[in-house]
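Below, subunit A partners subunit B and then partners subunit C, in two separate complexes.
The block that comes next holds the complex of A and B.
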């Protein structure tokens, strides 16, 4: 039961993103390096957020405020990462597998988003995952038939995919010649919305976790459609 | 002692050696940069080049005997006698027919190089070892006043082709860039594997405390939790200072031994250390695994398995063996070494890592640093530094002072030959990253409670990333150049990265993940700096700095933060 829970939750949480990784990123050295660098930037942002949290000695009642500054810091570092990538863009494109393809920058964005999301999922979820090997369970408050591990796994899976799409949209939005503010605002708002939606999972609302997941899935679908449309525009 | 690689007695490529000996006397004009009397890689490479190039071709421009060729066209292109003729021929029409100009993308060029490189492979000598963790930039070698490259100095003569030449120049840089990226990727995989293995051993050994490796200094200096806080820190500092003192002493001894040529002593010593490492640490680890997983096993089977494990490791690292096996053994040895260091108290480990980072900086960058002296003396004498190095393409045991694994040319040539057959990267056939085996002597120290200096020095020896010295500026890609080109990372670097992450793993999984990302980013940064500065760089400081910073911040702030958010199921 315990190893089964571990395997099931691990594959639920990281399965789709690992599949994306092994199919697209693992063969290309440049993309792997980009992924590690974006993971590094996310770590810096979350260390800052957690330092603020630590200094302010917050507890669970102040979760909304915690979410607010964590999300803002993450978006700020997403922008920093974009600035660095855009500085190195020419070199990166020249060194890529297909220098003349118009899809290089979206590829970098995709890979960076995967890196962001992957290390986000790892840091936030790995402790419950390892605990699930042991004999005990913690039940989810709003959906009492689900364990904390499983709801955490679903949340992690969705958040990794969301980060990937956010990065693609953010790169599209931050591009210098015509900065598209709609994309930037969408990324910020949907990140906030997705994080606040996960607050439903441990609330007292009945079946709150379902509400949280559905909001996240809707946001994910809209973001995916928007990113695919930006890719289509490249194919001029 | 003659460090002349040609006179290596253990070399199995005697025929090539003799040929090159003959060559050096016959062909003085072809060796461009390296003209020292000691048979250097350059000579041999030139000689191998000569072997395949026996027909004397005429210069396409003036008809004189020509020895250089167009880099892009390779063997099938025109020959030139000087860069002046090359520039003239370029304007006369080679620019239209040059394979570099006509190729779409860089495939041809890489294919050409690959072709050339593969042709030369069988003749390649093992010289390429070079220094611990050096990267040789093949492109760079050719760029340095190389007549085969259509230089931008001839730009005024073909104005309409200026974009082409600047593109070509950028292409070289781009290829260099790609080369380094491939190297980084090839190094990251074993580094991550070594780190994960060390974390695994540490987690297992926590559950089986009676089989934890004991460090000799722990019996002398008490760093247990009983003492008071300040006494604890002081004792930790003392322990760390003792260890690093050992490392410094062994490093200096190794440098002296290398300078005066006692290579055989070093090799023998390394062999003993590796045997002890695999034997004793393997024994401790196996006992811990058996205890934790409650596997029933009798001593006969255990000793048989252990003996086989150690013997195969010794053979594959020091003699011949499949490349994958060599790489696996080096990874396992590094993780065992790191495992042996995990029993130090946490303060000791962090102080030790910080001191090591500082020592690495001093030893590699300062003019009087032992490792820098080592690199320079090996470069000047064209001797290879004996060290345990993990190579992507070939396992090179470099003779490093203190490291018991001496590299043998036959070994490397065989392994490099085997390596290239499976190598998919055309540019970097000789990318070798050496993992200096630092911990080897530690093993000996732990088991016999004798000196643990040996292990420490080897570790120290190899903890620098260095760009490989440019081989003699040969006309085409020599095997030597190929073999020298490549990333070399000392095994000591592997060991200390793993020590850092294993120590982080003792606290929490979140710190493990954070430190892994930090160490990998530090490694990326170091290699990029290497690409920019092209000189030997220490591999430890940046990674250790990032790792320590992330560990201490994450330990205090990120872990409770993630715990609090995780319980509330909030995804940030």
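The block that comes next holds the complex of A and C.
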């Protein structure tokens, strides 16, 4: 019976990002490689974050602090990744399908973001997803009609998409010499905001998970609009 | 907690990416609460299968049906889905279990044996303790007894539910709170039921449990023995005598004092057998102790006295039949390698044993079956005291015999009666079981094995019951909680006292219908009886146990267990050490841990090398034998061939489940979201291309 939950949650969590991947990235081998390398950078950041957690063993109550250093580490590695890509930029542009297009860098950013987000979703959600095959569930504390599997799936779905847009904005922000600090600050703050917003799910606030999702969706819409705007600017 | 566990996992995941294949116990614990499992297991014999089995893990919503009406309503109802039904033990009839099975709504049964309502303030019991309840057959083990071919044999257990011998292909677990973990489990389950009731079984999530009790055995005993998925039910009997020099040819008659040391019930882990098992063996030890204080040492009497404490009597007289078979039939040692082999682990050279057939020692040959003079058997004797008029304690025990016309039987009955007469006059409190005019012959007892070979041996079975076996025969309720401990102790003590005096007189050929207790120097130490009672029931700090036990359980299981060569379980070890010390000819200062540490002929009893004729004796089905390779085979399918299935481990978890509607909802959301995303991506790409003028 609960194969239904498993399929439903798997599609909810990874359906949108897989649609993006197959319809845009999958055709281009160069982009797939880029995506995998960005995923690797995210893994290193979370390895460090979990090492800090493991060593400090500050017990269950310190979730806000855990989120803080995890997010900061992820952003740090996003920057490292940007630095690496910007060094390899000329080569990458030369090898791309259309070396003269002004949209090569945003495309790299989009693909890297997808890789960053996808591995984030996979690592965060694969464990609950596997357990969801079994008959047992835990209900979400703030939304007792939804299972933790399902709220986790929605959170995962949104965080993959958010990571994709953040990468586009961050690349734009780090762009030398016209650094745009607004973008950088926005990425950092919205990342922190969306991470803290997930804490609503397990809070005592009624329909807290809906609040968390709404915050994430608003952040996502703003980020998408901002991303599209950066692309439009390039066309001027 | 959720996030922390997640982060901890991430550390490993980052290093090892094959996470999907790894079993995730820590994370699972969040979703599945592990419960203490007290399962019913699969037992087989030469003709088939009984007990419980679940071929695959099953789960169901918790539901409690306290009464027969509620159960009937449940069976008739048109509820959807699978349920785990909590049944009070009284409702565990075969009919109920079969109709539950055929209703298709039941995935497992939890038997509610006792326990209180955790939500009530005065901790009221959820169910009333039944006045009598026995899961055993109406005539237990009768098909293996002396009267198996007797058409009109007496039905000893008319209230027996007869579910121990049935085959159930679904899991049955017990709810029996008695220590911290089991109380915690019990409370979780009862809270779960009450939670479901509050939600009327419609507002999900609801509480469900999951069972896994896979038994490897199938078909019958010979099949599963061949496949090596079974072990013979059994253990070790203990025999002991103060006559250190007893031998086959000394011509001295032998008086046997006998009792059963263990018991059985549907759920082996919680088998207690206070009346049927513990009480008789306590009396036996108390008698041995009383006789050891005889002014003239009993080994100098005209007759030998042999104490036998048999294992596995509830399983068709495993201990007594095996013992009688070995001392009755001529013994041929076919092969003796004197060293341990793969098929026989004993250092037979050290103890004078034999490699095939495998025996550590052959000292049982020193007991000449032809010399057996009489048998005193102590059956259940814990409940011999009742409150008479004016709240005066009334003692009443009954003597059962096979044939009242046997002069030897008459002498023993009259002698016991006379010795029990208060003040030496009138009728004693030990009476003939047939005093009500109904002659029932012997109840299921160890004496039958001896009478099988020689029907003329005088044999008395002494018990607290007259017409029906005790109220909780082979039941989990036989734990003494319906009785007062001091009453149990004085009941055991008083019958042990009379019996010890009778044995003492009889060993000197002095027992007569007019024997009087007045000048008898033998008396039982009731303090010892109390100590033994504590030791064999609950007391982890018992001084008699301390010497040799390893584990300190709160509760000592009296289930028979399985026979494993050379490895004795707690109960036989207890009897061996205690009887070995009591019947010791001499106890040395030399410390020891086991028999190997002592000299030839000595045993290690209570950590001292002791010169004592006390031995273990194998106990397993009379229809089973070990072959030269050490494998168990069935040699006589007509006799007892009980074997117990092997299993890996039990799973018993509590968790929440959601309705199938909400699961379908989740699936639909996922599908819709994916389709929507595909559409969005396609149109999004078009939009981007147009606005950025890429085409």
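By definition in this document, the second predicted complex is superposed on the first by the 236 of 236 C-alpha atoms of A that agree within 3 Å, B and C clash if a C-alpha of one lies under 4 Å from a C-alpha of the other, contacts with A are read in each partner's own complex, and residues count from 1 in each chain.
Here is the rule we go by: contacts are C-beta pairs under 8 Å (C-beta built on N, C-alpha and C of every residue); 3 or more make two chains touch, one makes a residue touch a chain.
These figures come from a predicted structure and were not determined experimentally.
Once the two complexes are overlaid on the shared chain, A:103 sits against subunit C while remaining clear of subunit B. Of the two partner chains, both subunit B and subunit C are touched by A:130. Residue contacts after overlaying the shared chain place A:151 against subunit B, while subunit C stays out of touching range. Of the two partner chains, subunit B is the only one that A:37 touches; subunit C does not reach it. Of the two partner chains, subunit B and subunit C are each touched by A:50. By the document's definition of touching, of the two partners only subunit B reaches A:195; subunit C does not.
In the superposed model, A:29 lies in contact with subunit B only, and not with subunit C. Residue contacts after overlaying the shared chain place A:66 against subunit B and subunit C alike. When the two structures are aligned on the shared chain, A:11 is found in touch with subunit C, with no touch to subunit B. Residue overlap on subunit A between its contacts with subunit B in one complex and with subunit C in the other: 43, 46-47, 49-51, 53-54, 59-60, 63, 66-67, 70, 123-124, 126-128, 130, 138, 148, 202. Across the interface of their complex, subunit B is touched by residues 29-30, 32-33, 36-37, 39-40, 43, 46-47, 49-51, 53-54, 58-60, 63, 66-67, 70-71, 74, 91, 94-95, 99-100, 119-120, 122-128, 130, 138, 140, 148, 151-152, 155-156, 158-159, 194-195, 198-199, 201-202, 209 of subunit A. Against subunit A, in their complex, subunit C makes its touches with residues 1-4, 6-11, 13-15, 19-20, 24, 27-28, 30-32, 59, 205, 208, 210, 653, 655-658, 660, 662-671, 673-674, 676-678, 680-682, 685, 688, 691-694.
By the touch criterion stated above, subunit B contacts subunit A in their complex at residues 105, 170, 174, 177-178, 181-182, 184-186, 188, 508-510, 513-514, 517-518, 520-521, 524, 550, 553-554, 556-558, 560-572. Note for the complex: subunit A touches subunit C at residues 1-2, 4-5, 7-12, 15-16, 18-20, 23-24, 43, 46-47, 49-51, 53-54, 59-60, 63, 66-67, 70, 101, 103, 123-124, 126-128, 130-131, 134-139, 144-145, 147-150, 153, 157, 202, 228, 231-232, 234-235.
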